[in-house]
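Both complexes shown next keep subunit A, but they swap its partner, so subunit B is in the first and subunit C is in the second.
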Partner chain A sequence: MIQPQTLLNVADNSGARELMCIRIIGAGNPRYAHIGDVIVAVIKEAVPNMPLERSEVIRAVIVRTCKELKRDNGIIIRYDDNAAVVIDQEGNPKGTRVFGAIPRELRQLNFTKIVSLAPEVL
Partner chain B sequence: MAADSLTLARPGPKPGPAHVHRNIFQITNFSSYPLTSHNALSSLPRTMRAIAASPSPFSLRLHGELKKTPSPAFLSNKDRSFPAIPPRSVSLLSSRRPDHNPSEDTDEMFDELFNKYGKVVYSSGDRKPTSAEADDDAESLSFAVTLAKTANEVKAADIRVLFVKPLVYWTRFFIIVTAFSRPQIDAIGSRMRDIAEKQFKKVPSGDTKPNSWTLLDFGDVVVHIFLPQQREFYNLEEFYGNATPIELPFDSESPFRY
Partner chain C sequence: MQSIWRCLRGSGCHLSKSLICSGGKAESHLKHFLGNEFNLYGFKALSSNGISQSANSGANFLIRSMTTSINPETSDGQDTSPSTPEVVHPPWIKFKRLDKTARHIMNILDKEAVEQVRAEREIPAIEPGYIIQLKVEVPENKRRVSSLKGIVIATRNAGLNSTFRLRRLVAGVGVESVFPLYSPNIKEMKVLEKKKVRRAKLYYLRDRMNPLKK
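Up next is the complex of A and B:
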């Protein structure tokens, strides 16, 4: 359940370290964002000498939440942190590798690119 | 290992020791196992613990290390009642590469324990026998090769078909293709969609508009169409270096790469 002002880790090597959500993209003024939702975020902390810098506004896809993800077969997945992968306007990830386990719901939401870069798909 | 276990492994540039991957999608009597994401490029300071709770009576908690083996009393408890679980494999059991684990819980140890004490208490019926699996693989292979041929007709460069099923559970084949302009990407995409729909009755999900990395997801087969700079930037072949390449019946080597 990510809302504006939420701090998220970055799960890729795009250069950002920490993001703050400022808006949730979606129809109907959503209150919270979950795994697979696109958010607009500002970079609060970045790795030096990379293309992304602090206080840049970018879009990101949420890949891990502390709020549980429930599946129809009864499996519940709850991560220890909130994390996102930085993407560009076309939906391509800005980094080349993704870290951590990625839930397979991202594949149904047309983020198969992130899934194909993932070291492990839950 | 049991023939009816699904395997999921991490794709990675370095091959591990004899058994690289060991993920078993069955409910077994193990109660805890390590799940840590040891990526050489990872900069995460803490291990991520994914806690999966399933409706089975013993919850599977993914801790740092397995500290104790399950007690024989626990293992031999035959009085457990199981609630009705929908017919799909529910639990996850995974062990990471042994050389990364400081408490010396190796794959061999898990294998031994599994053979000695492990009991299959519930396996859903969705695993097909190996012959049917091989048939499906052959079908997907012919589909992948057909798509690769279509790409070749549109003069796409450097077509690679990778068999990623042992590395990745969610698909069987990757087709990686370079196109040199967006109209060409459009052409490759639309041709592949037409052929897939007419001959194999498969409709892809994925990018509809041409993109510098266009992805067409046919379920068993995932097609990646890159522009040359993107192909080099993302370098998927290196990430899936352990996958076996499939021989194609035409010359797909481009004379030069960007």
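Up next is the complex of A and C:
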């Protein structure tokens, strides 16, 4: 349940370290964002000497939340942190590597590049 | 004898007939109350000195409860008593309140479903603090069986919907998953180790085993 002002870890090597959500993309004024939703975020902390810098406004897709993700077969998954992957306008990740576990639902939402880079797909 | 019948018949409890029949063996009847069907043929075995006993004991047993045969769904067999030499009562089946009956039936269905699953697979007892290895089949992943290992931090007992919560470290991130215990996707379950814990829910491990916390 990510909302504006939420700080998120970054799960790739695009250069950002921490993002703050400022808006959730979607129709109907969504209150919260879950796994698989695209958000607009500002970079609060960045790794030096990388293409992305601090206080840049970028888009990201949420890949891990502390709020549980429910599946139809009764399995519920809950991560220990909130994390996102920085993407561009088309939905392709800006980084070349992805860290941490990625849930399987991203594949249905056409983020196949992220899923293929993931070290572990849950 | 007929006066006993009439005074108890007037009270409207159709069970009184059968209770009088087995009034001679009242104590044993009460012990097996929940297990057996009523013995309607006990009337024949009633002796003469058992009549006075049954007058008192039968009145004590005017219990307004449902018949507790083994299979409650066929409990309308009360009116099939052939050999009563007295007046034939119209068949009146008295049930418990409908919601109590429904709850009872749901409990039985639940137990049957659990036994059915337990007969197919061997499911070990799972307590918080066990370290468990699971083999889960993932239908989206082209039926690949993945193996998960983690510590059980909570269990919830709810019949067929019993679940347990497994905490593990996946690629540097802590992940907690809730699995239904009787899920058909769980192919195999093995207990690796049992840790001594003094709690039923080990949520304190979230602060201790968190690699991402600064």
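In the analysis below, the second predicted complex is superposed on the first by the 122 of 122 C-alpha atoms of A that agree within 3 Å, B and C clash if a C-alpha of one lies under 4 Å from a C-alpha of the other, contacts with A are read in each partner's own complex, and residues count from 1 in each chain.
To be clear about the criterion, a residue touches a chain if its C-beta (ideal position, glycine included) is under 8 Å from a C-beta of that chain, and two chains touch if they have at least 3 such contacts.
All values derive from a computational prediction rather than experimental measurement.
Contacts of A:52 after superposition on the shared chain: neither subunit B nor subunit C is touched. Once the two complexes are overlaid on the shared chain, A:100 sits against subunit B and subunit C alike. In the superposed model, A:13 lies in contact with subunit B only, and not with subunit C. When both complexes are overlaid on chain A, the residue A:92 reaches subunit B alone and has no touch with subunit C.
Looking at the shared chain after the overlay, A:115 reaches subunit B, while subunit C stays out of its contact range.
Subunit A is touched at more residues by one of its partners, and among subunit B and subunit C that partner is B.
Of the residues of subunit A, those at positions 9, 64, 73-81, 99-101, 104, 107, 119-122 touch subunit B in one of the two structures and subunit C in the other. By the touch criterion stated above, subunit A contacts subunit C in their complex at residues 9, 64, 68, 73-81, 83, 99-101, 104, 107, 119-122. Of all residues in subunit C, those touching subunit A in their complex are 138-141, 163, 170-180, 183, 185, 206, 210, 212.
Across the complex, subunit A meets subunit B through its residues 9, 13, 64, 72-81, 90-92, 96-97, 99-101, 104, 107-108, 110, 112-113, 115-117, 119-122.
Residues 8, 10-12, 35, 37, 39, 41-44, 46, 48-55, 85-86, 88, 90, 92, 168-170, 174, 205-207, 211-213, 215, 217, 222, 224, 230, 233-236, 239 of subunit B are the ones that touch subunit A when the two sit in their complex.
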